[in-house]
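Okay, so chain A shows up in both of these, paired with chain B first and chain C after.
Let's look at the complex of A and B:
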């Protein structure tokens, strides 16, 4: 009875913040096979980033996380930080929207890439430098030797995002989580970075969780797409089907409103509310904060807590 | 009325940035006719915001001239620019930072009506309360929002507040700098529909700056493409979008993310 083991298996993931336990993510489940790419779409505040941070074990102290996150079959929730830190940047890594905040402004970028490498390999600095230059070259930075010696502010936004990509890929991770990786970039730079991401993911056979509010961008990177609404997953489907025949009314609205190209200039654009009304939204939110939902999550928490400790 | 409302001739703008000199605009000329809807597109740093600040008289060109409705703007002291302040209003990208957090919505929206320069251009008997109610209705904001503060609202609602403020003095020209770039996809369409409706119902002249060619194509009848401080292509929206003449415009169009397999 051997079933192929998933790379990542998220089950009933629920995240609440603060003492008032404000729920940001509610009973989210999804799996990812090795090399698979899954896009996550949904309007801002729907829980995309919180889901990604939970997988990385990077949520703030005030986050209360329940459910289960299994990495190659092993529970991550409840693991000590030092074990998670070993996974991060090695087996899984993350690319954020704003490259400036992810880089140390006082350190040459080459050293930052090398540190990510050395941290996990314990290698001598000599080979780290070589690997760094190789990586910077691989992410399409011309004159990698010179770029390695530059400080972040001396690079353009597109160059900085490539450095981040190099850092995320330097240890050959099995999973790369990209959270709005091209949102701050110009379209021409975005197109190049997306092409490059596709190349390196393919070359490294890495899996990818790709978050973006731009549906067209998601359609280019991911064959599978999952839709989040107010902390819940409302739909998951192959990208071509999701974008051509969306099932949930909210997804229908998101897709319709993204297709500026299908509306003659000057004519009224469809909105999400045309498909998914404020009323139906209010109804499902009321359901979300009902006491029964709370009880259910509590049970799941205990169950998976035990699995995590065994 | 003449065939042009705004005219810019040979504008250059050089910024002194430390020891570096930045040629943000290089020899830019253009005219805008009444009722025209001009879109300005280009990548970040291409000079879009610099150009509209010069057109609105918020900044002065290093060389070159700007006229509004036949009157030269350049070279005139601020106290003589009342005619421009009333007639040209702006909406900015970031609805989070462009509204004063300590002011109530009512005071934010009527602020242009209280400006000394603008006031002299308006009829003496403008009823601020009545005007407030009118513009709030125009942008679909419920009247009870008037007594609240900006932080209580979402990005889309804030952008409606900013648009209401811009409409308050009954401007001829609305200039919007990346008006939907910071908005969620689900509210972008609402704000674009609002802009389209307002332009049609008020007969506004519209200038929209965006890095997104699709946004500009939808809102505008004319497109100017900027690169490194110059206008490299300028034509009807249809022509620029369907039959681009310059390599740069073609590159921009080709880079627009499209639905894979759709």
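Let's look at the complex of A and C:
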């Protein structure tokens, strides 16, 4: 499926942390065409965020990354930090999970949005302010002029998440990586932000890697969904097929737990373990992981903690 | 209560500053002129706080002493801030062996008593205001480096630094635009505490004759002189002691209040 003009092409991506080389991501491969959207779904510690950070080149220094990450045919792994910084925020950008912590509390939000713009475009013509206000307006913030002068703590969670979205989109990137962008929001705000995300991605014709643990949320944004479990991709399929005919037992469990409305009242609710038991999971882990990466799930979570996210 | 503390701090510091400024233009009597026939006068008129063993007006000396205390405080704390904060940020951002080297050197300086440093400097360059300022400043650098490093580590682990990096900000941009503003309140509080400590240290050094030499009056030398007449004129020691205590209290209260004021989250009272 991968063609030479792919926007992003990840092959056999493996990420290990620390001296003991605990494996967080194991031989993950996927490709993205320009404008294409791919959802990644999986539980905490399944390697979703580590995969995203690896693509951005933002992993902590104790991470060993092997495999290949190609951007428009060019290898990104092993490139100097300076060249990667030129891509970040410009050609590819990232939307973070926590609107409460992803904005600098000491900086007016307008300046934070403008920061990415000035870094890559410069502000010789004084156009950064105009572009910032335009962007804040585009993400549906009323009275963008006033919001640009506000500090993060003066905004609500939904407003902050829109600001973060504006930050990621200010340079019109080709790829936007969204790491659980709506998890911290309440359901009504979540729906609005997802709708907006869909709108702006279409308007900018940007490709998107959408990470979530919520199957319903992922399927709202992207047609293609990839399921990750314990650092590996267990299934990739269109969202509707994933719902109607999940292949992997883990996915079957996910789908069953996502459709709790189908359970007759009074009956026990399904769990993922009904479909994919801990024993078979441990078995497949033992079979797939290399001898030196013999760490259990708990330890994997710890390693995720080292890069500050899970 | 918080407000009251801040305003009390501001009032006390303003008092010290006002005394220093007034002393530049006017003092009730010449703070250097020895008048043997007016020795050890009790408080009254025209010598409001009395005179010392040389017949010099105590109020005039106190006013001029405020000048020296502020000067030493400002210079030594500035020195410690300008050197200590960037070192701490470097250690916090670079990590690894850079951090180890910076922090171990800082530990060595921290373990070295300021008084010993002042004696060494005074032995080498003679006792002067400058040696006192350098000794106090150098001895205070590790405190700033530690606070700056701790703050930097915390900021570097935050999501907004990751977000800034994902926008392509390099390490200098992160240091200047994100780390520095976020650790500034910490450094501000540290500066106020250090200022109070510097005032105490300066008094101690001049008491021992290692700071500003005579005849320039400082609160420390005044205390030293008062010691000789402790039983005949005990009030003479009270005045400089009170001045030191109030100045130290003032800077501590001011620092506490400033911390609350500098933090935008606390300032607006949201969350």
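Quick note on the criterion: the second predicted complex is superposed on the first by the 282 of 310 C-alpha atoms of A that agree within 3 Å, B and C clash if a C-alpha of one lies under 4 Å from a C-alpha of the other, contacts with A are read in each partner's own complex, and residues count from 1 in each chain.
Assume contacts are C-beta pairs under 8 Å (C-beta built on N, C-alpha and C of every residue); 3 or more make two chains touch, one makes a residue touch a chain.
Just so we're clear, the structure is a prediction, and the values are computed from it rather than from any experiment.
Three-chain overlay on chain A, with chain B and chain C fitting side by side and no clash. By the touch criterion stated above, A:12 is placed in contact with neither chain B nor chain C.
With both structures placed on the common chain, the touch criterion links A:214 to chain B but leaves chain C unconnected.
In the superposition on chain A, A:164 contacts chain C only, with no contact to chain B.
After overlaying the two complexes on the shared chain, residue contacts for A:191 are found with chain B alone; chain C is out of touch.
In the superposed model, A:58 lies in contact with chain C only, and not with chain B.
In the superposition on chain A, A:271 makes contact with chain B only, while chain C stays out of contact range.
When the two structures are aligned on the shared chain, A:102 is found in touch with chain C, with no touch to chain B.
Once the two complexes are laid over each other on the shared chain, residue contacts for A:36 go to neither chain B nor chain C. By the document's definition of touching, of the two partners only chain C reaches A:86; chain B does not. Closest contact between chain B and chain C, by C-alpha atoms in the overlaid model: 6 Å.
Residues of chain C that touch chain A in their complex: 95, 157-160, 162-170, 173, 177-178, 181-182, 184, 264-265, 268, 270-271.
Across the complex, chain C is touched by residues 56, 58, 61, 81-82, 85-90, 93-94, 96-98, 101-107, 115-116, 119-120, 151, 153-154, 164, 167-168, 308-309 of chain A.
Touching chain A in their complex are the following residues of chain B: 43-44, 184-186, 188-190, 192-193, 196, 211-215, 217-219, 237, 251-252, 254-262.
Contacts from chain A toward chain B in the complex involve residues 43-44, 157, 186-188, 190-191, 194, 213-217, 219-220, 239-240, 243-244, 253-254, 257-261, 263, 265-266, 268-273.
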